[in-house]
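These notes are about the structure you will find just below.
So that you can tell them apart, the chains are marked A, B, C, D and E in the order they are listed, and the count of residues begins at 1 in each.
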Amino acid sequence: MFELTALESEAIRLSLRVAFWSVTASLPFGLAAAWLLQRYDFYGKTLLNGIIHLPLVLPPVVVGYLLLILLGRRGPLGSWLYETFGISLPFTWEGAALAAAVMAFPLMVRAIRLSIETIDQNLETAARTLGASRLSVFLTITLPLIAPGILAGCVLAFARSLGEFGATITFVSNIPGETRTLPLALYSLIQTPDGETGALRLAVLSVILSLAALGASEIIERRLRARLID
Amino acid sequence: MFELTALESEAIRLSLRVAFWSVTASLPFGLAAAWLLQRYDFYGKTLLNGIIHLPLVLPPVVVGYLLLILLGRRGPLGSWLYETFGISLPFTWEGAALAAAVMAFPLMVRAIRLSIETIDQNLETAARTLGASRLSVFLTITLPLIAPGILAGCVLAFARSLGEFGATITFVSNIPGETRTLPLALYSLIQTPDGETGALRLAVLSVILSLAALGASEIIERRLRARLID
Amino acid sequence: MKNLDVDLHHRLGKMTLEAKFACETGGITAIFGRSGAGKTSLVNMLAGLLKPDRGRISLGGETLFDSAAGIDVPIERRRLGYVFQEGRLFPHLSVRNNLTYGLKRVPKGERRIELEQVVALLDIESLLERRPQALSGGEKQRVALGRALLANPKLLLMDEPLAALDQPRKDEILPFIEQLRDEMALPIIYVSHSMQEIVRLADTLVLMSSGRVEAVGSVEDLTSRLDLRPLTGRYEAGAVLATAIAGQDKAFGLTELRFAGGRLKVPHLNLPLGQGLRVRIRARDVSIALTPPRDTSILNMIECEVKAISEERSPQVDLQLDAGGAAIWARITARSCQALGLRPGLKVFALIKSVAIDRQSLGRRDQAARFLSEDE
Amino acid sequence: MKNLDVDLHHRLGKMTLEAKFACETGGITAIFGRSGAGKTSLVNMLAGLLKPDRGRISLGGETLFDSAAGIDVPIERRRLGYVFQEGRLFPHLSVRNNLTYGLKRVPKGERRIELEQVVALLDIESLLERRPQALSGGEKQRVALGRALLANPKLLLMDEPLAALDQPRKDEILPFIEQLRDEMALPIIYVSHSMQEIVRLADTLVLMSSGRVEAVGSVEDLTSRLDLRPLTGRYEAGAVLATAIAGQDKAFGLTELRFAGGRLKVPHLNLPLGQGLRVRIRARDVSIALTPPRDTSILNMIECEVKAISEERSPQVDLQLDAGGAAIWARITARSCQALGLRPGLKVFALIKSVAIDRQSLGRRDQAARFLSEDE
Amino acid sequence: ADRPVTLFAAASTTDAVNEIAEAFAAQTGGSIRPVVAASSTLARQIAQGAPADLFLSASGAWVDHLAEQRLIVAESQTALLANRLVLVAPADSPLRLQLLPGASLDAALGDGRLAIGDPAHVPAGIYARQALEALGLWDQVADRLAQASNVRAALALVGRGEAVAGIVYKTDAAIARNVKVLDVFPADTTPPITYPLAIVTGRDSVAVRAVYNFLKSDEAAAIFRKHGFTSPVPES
């Protein structure tokens, strides 16, 4: 194994932190959105769906720019956030997590939606005849049954967050120690004529990280499935 | 409604073509990969899984760069392709489709895998007792049952392809009429001090395109589900 | 004793389900009808799983559904236990957690049925830690039954709960269902194809045919009605007698029953004197003699008068007999009918084997403890 | 006539399934056993759905599975039709396409069963364009049955195919299954809880209990064996007689059967003289008389000798009677037994109502056309 | 020491800026935090209140854009570095060409492409277009371009042999081992190629001034020169 430079280990730590919070914070929203889109028909559903999928169709840089305009200190939402809570997202790692979350959101929602679609609603009604309220049915029946889908969504979102570049660099810039995640560090190196070796090291690190995340998810998934099927 | 400029309509046509071929060409591979990963255990499975997910974790620009190294005229695969078939991918819209396909591949595979996971294998064995071979079971039972998942995978991949920027510009450059897709045109505009208005128009166009794609997919999905559930 | 009042209209594909009836659900109400008659659909509407196009359902004075008034009590607040035709066990929970799913939602004070009780009865101790996927068909159905019971519902809906069970298992579970009805005073709505089960269990019978409720009434009445034969089934034909325990013959393990037309000896029943009991006597178990035969093992010879002879052109004829006011049916060959010169008004003896009146043919009207001593 | 040779070992959770038996599957082979006995698992291994830990299966000389030789013929090449306990219809196909799924895979020349035939028989014409989700429980099972049949298999596996069906529907489908066996010479392996069904249909019986095959033999032999009573069930007790058509009484619609112990009159059977027929006479349908009673509707009085009297302490006793070499069982009250002074060696008359020998009790041995005229 | 001074610097100056940061730390004990990205991105971020103290841009246009909005201290704006455009080809290319008006660039390209930065927004691309137009070569190659998202990407295309030739900064060509310079564009074919440096409005402080001055020092100039940059011709 090779030893990590300070820059590398800092980028890794930061990337993991950003990806973790990106997934964790967006999961409840992702679940709610998937549920809403899968189970209900309402006016403006296609629009909501479209908005959720926007980060997928727009170039990441554009999404980052939109975030910057919206959430920058001078942006409508950003100024409100700052004045009310003293929160400022641009140029912070929290902002990086937000950018990653926004970019990964459609992936998470899709995966969860897909698994909500495939569960047998008869089981849910059966649970209700046993006295469980809608909420309780959701928590005890639906949620465990869609767990593999949620996991898949989270892994996808985590991986996407690890690799997020365009929106991040645009929204929170490339600030060492604060927002310079692995992909940003990688970008910086690629910009320097002799950076290939360093870039390669970072690329390998990214791959190792994602393999680890995937491996972990496979193990969890296998357990979940074992619980479900055998 | 606003009228489209020549540049805009060209970018739209190109984007649609690239996204369409990206999805169409990668679907068989996506299906095969999803099947392999979901149904079989083999040596190096985690590795294959990791490779498939790479485009998700690496910054798109890096992926584009790797494609260039691999498939460029002097790349190992690229020179072979050129000498054997006279095919050259960089700077062509086919190359753009490839870049988009690579970036979208993990999304497609995940979605399909998820739906393969949830089908009742009892139905497949039931079909085999009726004399259907494995292949025939796959075509007549599995495929229709996972159709919603395939559709979801395709939509995701299509949307991702529509929005692909980093890998595309690195691999096939930004050539008007050949590889300048919507995101590339949008990026150019956003990078110029007074490009906001033009950028906004393109962003709106992107959104409309993706809403249309999503809308269409919802309709197809509803039909599929109607066939499955009612 | 809850009053169930139903008036529903609902389209199902090409068929329209129309159910208008009222009955008391004090004991067990059976829904009987051929496959596709609409039994499951009706029960689904009662439980709130299927929303009727229009109509009303009320149970014990509480309106569960009323399309006109816009009332539709949510499934979970109807507190109706449901044993589904297809099990519907939760695949991600162990058998134990499936069983306690409903139980946990019942306040401690309101629990009248407990886990140990159900586990012991259904003999599922060894399955508790398994997943539903590792159960056989019959085992699944037993767990589903236990799960619904443990939710301690106000009324229990059972959709062919015993179809997947073998006879010995049925024989074990039927008394338990009776016990629920009697000791727990749990009203039950019971969908079944089996007239045997229904006679044994049910007080009230709802007959369905192609989406319509054709008749509602006591099991005795409906099974004795000739016009309902096409619905109740020819093979199952028979009459139900209202009897009471008149004496016990401890030595031979026999019990004597009194009814309007005389006395019947049946295998021992562990019931107090005077206790009311319903007995179904199938037409095919009744023979006819003009004079009481001697030296035979047939213990029950009831003097009757021939009331009617079925006109069906068939090797077999059904006789309607009157025994002091009680109706008895007998099925004999047309040849015997002619040989004996049977005709309405003739006095004959109905011969009924004691052993033909077995546990399958006995039902109950009143509340009491288990009444059959186990005979192996 | 295919020879089925099975020797299997397989762990199922805590239980081990051990099945070692050989039998001819010329007609219908029934697998009988209590819930959880391993019936479905055994059938799954035959079909190739479950891979045994070790052992061998061969059918008609062809080895389907042999763990030692590493043979495991793929499911689809075994060509064994399978009617599953839970239907397993394809949700994305219409009923029609479900039905033709297997049929389409049979070369035109090899098709012996066609769609119209099955649709008419199972009365599913009106369901053809529906999705399986819009079917009732019984309808699903009928479609599943039709689907398996239309695959024109070499052998048909049926796992409790009739459990979800009502009696009239069963009565319609049973003759069809017999027809398959007889006209199409389609061997069938039939899992059932119902001894009635088994007696009616099966030639060979495989008795299972807690994962073991306890006995294999003809239905007559096994149901007459006292030591197997705990497995075959007390309520179902009875003997099966091998008989032949001896005469027809057209006027009264009766058929006379000859057997070792004499003659029996039964409701009309549309069979040629001399045709062999199996008749099951349940112990509970047999009464005893010391002298033949007169003036009764009971047509069959068979002279027998008491061979044995069961010793069980119970209100009822079972008598084993010998009628010219054929075994007949009678169940009477202990009281009658004492009153008549019955003891081994005594000559008695067994009284059997003609109508007690109904369609449910008749099985067949040889091939021939439908033999029961429809009685309504 | 104190809070580091944040220097938003054009991506093409990454190496040089990093080295200067080290030199500054060694010499003064203060610290510089270089944040590198495309000049356009950095400019937009500064417009949205990014925590930048200094801005070293590859493009005068963006700095002017900020100056219009009074987002930089006008007085501090200065042309720090200069650069030249060169025509490059892969190191093993047999190509030879002199950049004179009327040269047949299209013939030299054959069926290959000319890699440049996107002339819509990449500064190097904009300069390249101006230079080609000045030489009357633009029309020859307008449909033979491979437009990259930044100048480094254009360089990579040439280095990997995908493009037959490319137009990049002299600084880039100097360090890339897999390309060779065919010719330098005459200075008069483009406006002066300069990298403006400015202090961001509201960030002016002693510490920032120290860095500002260090960047303008001879010591920094030496480092910049090492990386191929030249000093701008003093404005006349």
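Here is the rule we use: a residue touches a chain if its C-beta (ideal position, glycine included) is under 8 Å from a C-beta of that chain, and two chains touch if they have at least 3 such contacts.
Predicted model only: the values in this text are computed from it and were never measured.
> If you apply the touch rule, which chains end up adjacent to both subunit D and subunit E?
Neighbours common to subunit D and subunit E are B.
> What chains touch subunit C and also subunit E?
Shared contacts of subunit C and subunit E: A.
> Rotation angle, subunit C onto subunit D: superpose the C-alpha atoms of these two copies and give the value as a multiple of 5 degrees.
Superposing the C-alpha atoms of subunit C on subunit D needs a rotation of 180 degrees.
> Let me spell it out: compute each chain's centre from its C-alpha atoms, then which one is farthest from subunit C's centre?
Relative to subunit C, the chain whose C-alpha centre sits farthest away is E.
> Indicate the whole-number Å distance between the mean C-alpha point of subunit B and the mean C-alpha point of subunit D.
Going by mean C-alpha positions, subunit B sits 57 Å from subunit D.
> Which integer distance in Å separates the CA centroid of subunit B from that of subunit E?
For subunit B versus subunit E, the centre distance works out to 35 Å.
> Whole-Å distance, subunit A centre to subunit B centre, using C-alpha means?
Here the centre of subunit B sits 20 Å away from the centre of subunit A.
> Specify, in ascending order, the residues of subunit A that touch 2 or more different other chains.
61, 65, 190
> Two or more other chains in contact with one residue: find those residues in subunit C.
If we look for residues of subunit C contacting two or more partner chains, we find 134.
> Residues touching two or more other chains, restricted to subunit E: which are they?
41
> If you go through all the chains, which pairs of them touch?
Taking the chains two at a time, the touching pairs are A-B, A-C, A-E, B-D, B-E, C-D.
> For the complex, which residues does subunit A have touching subunit E?
61, 65, 68-69, 72-75, 90-91, 169-170, 173-177, 188, 190-194
> Can you list the subunit C residues touching subunit A in their complex?
For subunit C paired with subunit A, touching residues are 47-49, 74-76, 78-82, 84, 88, 90-93, 101-102, 105-106, 131, 133-134, 147-148, 151.
> Hey, which residues of subunit D end up touching subunit C in the complex?
Spelled out, the residues of subunit D in touch with subunit C are 12-14, 33-36, 39-41, 85-86, 126, 130, 134-139, 142, 159-160, 163-169, 171, 193-195, 233-236, 249, 251-254, 265, 267-268, 284-285, 287-291, 293-299, 312, 314-316, 330-338, 340, 351, 353-356, 358, 360, 375-376.
> So in the complex, the part of subunit E that touches subunit B is made up of which residues?
These residues of subunit E touch subunit B: 38, 40-41, 43, 61-62, 65, 113, 115, 118, 120-122, 145-149, 153, 156-157, 160-162.
> Mind listing the subunit B positions that touch subunit D in their complex?
Contact set of subunit B toward subunit D: 122-123, 125-134, 136, 140-141, 144-145, 227-230.
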